[in-house]
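In the two assemblies presented below, chain A is common to both, partnered first by chain B and then by chain C.
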Partner chain A sequence: MSFFHYFVRRALLVIPILLGITVVAFIIANAIPADPINANLPPNALNDKDTIAAFRKKWGLDKPLHEQYLTYLGNLLQGDMGTSIKTRKPVAEDISSRLPATIELATLGLIYGTVLGVSMGLISAVWKNSLADYAARVIALIGISFPVFLIALIFLNVFYAQLGIAAGPGRLHPIMRSPPTVTGMFTIDALLNGDWKTFGNALSHLILPALTLALYISAIISRITRSSLLEVLNQDYMRTARAKGLHERTVIGFHGMRNSMIPIVTVIGLSYGNLLVGSILIERIFAYPGIGFYMFRASTSQDFPAIMGVSLLFAFIYVGVNFVVDILYFFLDPRIRIA
Partner chain B sequence: MNRFKYIVALLAVLALLIGAFAGLAQDEKVLVIGWSENTDAYDPANGFTHSTHIVNHVTYSQLVTFPDEDASRIVPSLAESWEISEDGTVYTFSLRQDATFADGDDVTADDVVFSIRRLQNFKGNPSFLADGIDTVEAIDDDTVAFTLPAPRPSFLSEITSAVFSVTNADVVMANGGTAAEDAAETDTAGAYLDSASAGSGSYVLDLWEPQNRTELVRNENYWGDAPYFDRVIFIHMPESATQKVALEAGDIDLAFDLQPDQIAALEGNMDVEIYRGIGTLTHFVIMNTDAEKSGPFANPTVQLAVRYALDYEGYKTLWGGVKPATNMTAGFFGNLGEEAAFSRDLDKARELLAEAGYGDGLDMTLEYPDMVYSGVSFNTNAQKIQADLAEVGINVTLQPGEIQVALEKYRSGEHGVGYWLWGPDILDPLDFLSFMPPGKVATERNNWQLESLPQDIQDMIARTKVASDPDERMALFTALQEYTMQHGPFAPFNVPEVATAYRSDLLGYIWHPHWLLDVSILSRAM
Partner chain C sequence: MSSISSISSSIPVSASRSRRQVALYHLRRNPLVTLGLIAVALWILIAFSAPLIAPFPPLEQDLAKRLQAPNAYFFAGSDELGRDIFSRVLWGSRITIPAGLAVIIMGSSLGILIGAVAGYAGGLVDEFLMRLTELFMAFPFIILAMAVTAALGPDIRNAVLALSAVWWPRYARILRGLVLEVKSQEYVEAAHSAGASGSYILFRTILPNCIAPAVILATLDIGTAILSFAALSFIGLGPEPSSPEWGRMVSIGIHFFDQWWMWLFPGLAIASLVMAFNFIGDGLRDILDPRLRGE
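Moving on, here comes the complex of A and B:
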């Protein structure tokens, strides 16, 4: 199969998936037995027929469900995701102002998590059943079984409030202003602006939430690294490499790690998707205005346009990550090219 | 493997960065508030949330207002005096001569007329508040007259609300605003007024990033006393635990939404001061007067037994505050007060139940929203109600519901027995009529019909709506409250205290029952 064929086939599959997501998200959002009127109008305005009628008309809630859906889809195709009931801004604008914050956080979380996870997995595999192996496995167990919000709160309490060695909630210190927007990622925008103070402050505010995220994903990365590497370490070519007199570091680092990379890369890729969509609680606790934070508020106030927009975005991220991983397979694993 | 060295070096640099930027010098006098923002809009004609009012209270001025510390009386603001017509339907206000908007324009009667008409025609979230105004006319530049359809003694209290803020008509119109009848469709000033203010308050709205931050800067043209802080920053921190750590670390000056256990944990912290006051939220049990919905609990004798069975002191131990006698908000003019409230009397409750034919016990399903509101847990209270009522033979099954779902059932009057809270719509005793037929809670939500009341009580309700003489009002409110205590379908059991924690160098903090927080009266110790 040529790369072109492979690419087109994968890309075409994405369309029905995204369309399906819009239907499912629309049905779920509307199936909740509560009225967005109650969620968005003050209690006392509920007696006022004019206000309610104006609200329904403004947000298209007076039309039948299928009509609402088709209108939504039509607008979506023109790049219009609607206007958020709560923020009164176009959903696309809300997303574009919040997604960079999440990308910034998720990326640093992924870097920390990968470094932590791969090192722990490596140590565990190379010194199998040693004290270090057990220690790494216990850390992994904690990372995966402790609720993230608890870790987040402990981190904030200990490193920020008590010890005072870490920066607190938010993206910047409260009295600092955001750097001029270029990418929306504060660290990068500050650097582009040559503003080292803002860069340092933005980076310091990323550290605790990123570490919290890292602890969570490093657990699974270290376990996959350990099992994948252990499998490779038992292969004949490892014995051959040692027999050739290669240094142990080359044996593990080059022959071992490289051949065990495919499952690790897969897990890292999927973890990135998880971090982008799954940091709702962390963002909330760290008062970090990213997309998860936005989703939380949208769901609790039944802000349909926002819920739909973010659901689509999340689906798109997952589909996108899977797509990229699929494409990577093509290059990493010769068997796919042959099949 | 040099890569490992690089990684170690990288981590070391990152670790250094952690603490490097903790202290930031500042020249401006800045106040930082941590709150859970629920702003729907800062446009006065469209916003109707606590956080909207906290901001608009200082970015705009109204005709009249309350004193800084309570809601006991009406004091002048943009209006320096006012007259009420004999029949109580026309209010004529004289505006101060020296009041200007933040851009230097004079505040005129035309601005008042524009603001009120825009509020009415915009049909935004708070517009219903202006339904009770027939006309508003400018008599001359500094005089404006409001006509009401019928006398309404609560009118002045109503217009203290930031909803009745006077906006600069020229600025609003220049940004797409209109007060015309079709304003609901044609007014496009919302976007402007959500990012800037067009008022005459002590501050100006400088920035709003929804669900993130709101910034105010001092209004240099303010006609009143200049506030202490140059800039006020509100940071959205939805988790109260986050507010607590940020307060301890000193990054915020005031944590607005702490829960009682978090307040307790801050006691003894030298850097933190705690303010306690009486709140305005009444927690109550509501028993549907329609027997098809609530069964035996539609019976007034059973309802009275429930009032005798609740352990009022216990709720006070849990949440502080006061024991309410009725659903009239604590501290209001005419409130019967704690002395008149029920005390727990289990024998009396059992006796009443036996009298109603339920001496062998009965079942109740208690519906309530599964939420924590202002730090008070509905689950905790519901479990306590369950335990309290068990002692008189009422077997309670708890039925917590998702807030929106439960609210729907409550508002449509479909519940049987429920547990809810009430915060007053207006800071006037007239608000109590919501709990008397044909008021909203009494009739719409609980099917309590006016016809079921004795004629003299019906007459009193009608009279209360128009009476403005303080002595007469006092007598009427007393009689109505006493009636509901004996015959009403409500069992109010607690008005939790409000507690706010702030850095101890912050001066002048007062919790206000109406606008909750006034940042313009705060300052910092030198």
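Moving on, here comes the complex of A and C:
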């Protein structure tokens, strides 16, 4: 199968899932609340007949349910996710202004988490039952068992408040000005502007929250890496590779890792969901103004349109990431190319 | 003749005994399972006896003694309203443990039902239910639970309902596969020819033979359920603010960052309970999956 064929086939499978997600989101938004008007409009607007009538008309609330869905989908395709009760701005606008901050954090968290998780799993599997194996497994167990918000609080307390070796909450030091907006990601914008000082400061503010996220997702990654690699290490071709005199590093690094890559890449894709959830839980603690903090505020103030907007966005991102993982299979699994 | 019958009758007994012995052997070699069991038992005991052993009622305020660091009077300090953190943490177990178990029981039951019906009915029903399962798996499930809780209105009951409503897909998948396997067994055919009804065959003949893997998955899942519940209540989609629920206490504790006891102790309560369940779940998996045993 050519790459093009594979890509198109996979892409076509994503469309019904995305549509399905909008159906689920529509049901949650319109069918579950006792009164969608109550849930979606600020309390003071509930006395205003014009506002209510406008809201009804826009979302087609006087029409049958399937037409309501089509109206909902139509609005969504135009980037309209309703208006936030708390910020009084369109949810889509709120989201797009906060998304770059979260992308920056999540990307760094994913990189740290993957490096940490894969190397811990690798060490665990190669030196099975050694002290390093036990240490890696205990770290993984903490990552799985400790609530991520507790880890965030402990990190912030120890490394920032007590030891003073990490940057505090926020995206930049309070007296620094944010770089001119190009991508909205402070590190990249600062670099584009040639401003190394701002770049360094923005990066230092990312390290602690990104490490927290990394610990959270690396637990699962290291467990899968360990068990997947352990399985591969027992295979005959590993013995063959050793028998023909290959260096142990080549045996593990090339033959071993390559063949255990599929479950590892799969779990990295799946743990992206945890990364998104984690951002909601820790951005609040690090006062990091991204989508996660926005979602946290929306939840505590019952800002329903904002909650639905972020949920929908996160579901789309999650599907997108797992689509990328699907595409990666093409390169990792030769059976797909031959079939 | 007698020797043959004695041999044949002794085989299953010795086989089951040796299997139990193997399990016990691995349990003994894995002290973490024992530790987990003791910790869970302790927390359950605390949950039952909190009204008797907690030094203060969980909501009792003493504004004169607010924000005190841990001391002989308040073992784990006091919060912004002078409530005893130690007592609140003990009482919190009465919310978190039942909530976590309820999510697992309701979520897995739903999944078992959906998977069993899909596998047994086959055809269009199967197709529809499995596409539905895939759709639910396309969401990061906690996010979906957040949206559902927000739609239902935030409180403990709705958080548990929402989590249960998103918990089922993995169970449905596993059960469907198992039912498909068992469905073709001869004893199912025998039940058919004896005139048993479809629901009798599914619930009395097939399901009892597929339930074990779902129970194992459920044990592995309890820790995640507790963490998810804590996460929902941390972001305000659970119990009301005065509740001694652990996630909620941490959430309020953020406003008092320097009063570390306000967030640390409830947080550690969650961690210790989840870790205990994970010890048990991991041990169980190691015993049942020999490939992963650390030999």
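As a convention for this text, the second predicted complex is superposed on the first by the 254 of 339 C-alpha atoms of A that agree within 3 Å, B and C clash if a C-alpha of one lies under 4 Å from a C-alpha of the other, contacts with A are read in each partner's own complex, and residues count from 1 in each chain.
The rule we apply is simple: contacts are C-beta pairs under 8 Å (C-beta built on N, C-alpha and C of every residue); 3 or more make two chains touch, one makes a residue touch a chain.
Keep in mind that this is a model prediction, so the values were computed, not measured.
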Legend entry - Contacts of A:Thr87 with chain B and chain C, given as first, second, both or neither: first
Legend entry - chain B versus chain C as contact partner of A:Val277, first or second or both or neither: second
Legend entry - Which superposed partner A:Val24 touches (first chain B, second chain C, both, neither): second
Inset, instruction - Figure out whether A:Gly253 sits in contact with chain B (first) or chain C (second), or with both, or with neither. - result: first
Inset, instruction - Considering only touches as defined above, state whether A:Pro174 meets chain B (first), chain C (second), both or neither. - result: first
Legend entry - First (chain B), second (chain C), both or neither touched by A:Ser218: neither
Inset, instruction - Return first, second, both or neither, reflecting whether A:Thr187 touches chain B, chain C, both chains, or no partner chain. - result: neither
Inset, instruction - Applying the touch criterion given at the start, work out whether A:Ser204 contacts chain B, chain C, both or neither, answering first, second, both or neither. - result: first
Inset, instruction - Check the residue A:Thr51 against both partner chains and state whether it touches chain B (first), chain C (second), both, or neither. - result: first
Inset, instruction - Report, in rising order, the residues of chain A that make contact with chain B in one complex and with chain C in the other. - result: 32-33, 39, 153, 156-157, 161, 284-285, 296, 302
Inset, instruction - Report the residues of chain A in contact with chain C in the complex, numbered from low to high. - result: 17, 20-21, 24-25, 28-29, 32-33, 39, 128-129, 141-142, 144-150, 153-154, 156-157, 161, 227, 230-231, 273-274, 276-277, 280-281, 284-285, 295-296, 299-300, 302, 304, 307-308, 310-311, 314-315, 318-319, 322
Legend entry - chain A-touching residues of chain C, taken from the complex the two chains share: 131, 134-136, 138-144, 146-148, 150-152, 154, 223, 227, 230-231, 234-237, 247, 250-251, 253-254, 257-258, 260, 263-264, 267-268, 270-271, 274-275, 278, 282, 291-292, 294
Legend entry - Contact set on chain B toward chain A in their complex: 1, 7, 11, 14, 17-22, 24, 26, 30, 32, 40-41, 48-49, 123-129, 131, 184, 190-191, 194, 209-213, 233, 235-239, 241-242, 244-246, 248-249, 251-252, 402, 404-405, 407-408, 411, 425, 440, 444
Inset, instruction - Can you check the complex and tell me which residues of chain A touch chain B? - result: 32-35, 38-48, 50-51, 54, 86-89, 94, 97, 115, 153, 156-157, 159-161, 164-170, 173-176, 197, 200-201, 203-204, 207, 249, 253, 284-287, 289, 293-294, 296-297, 302
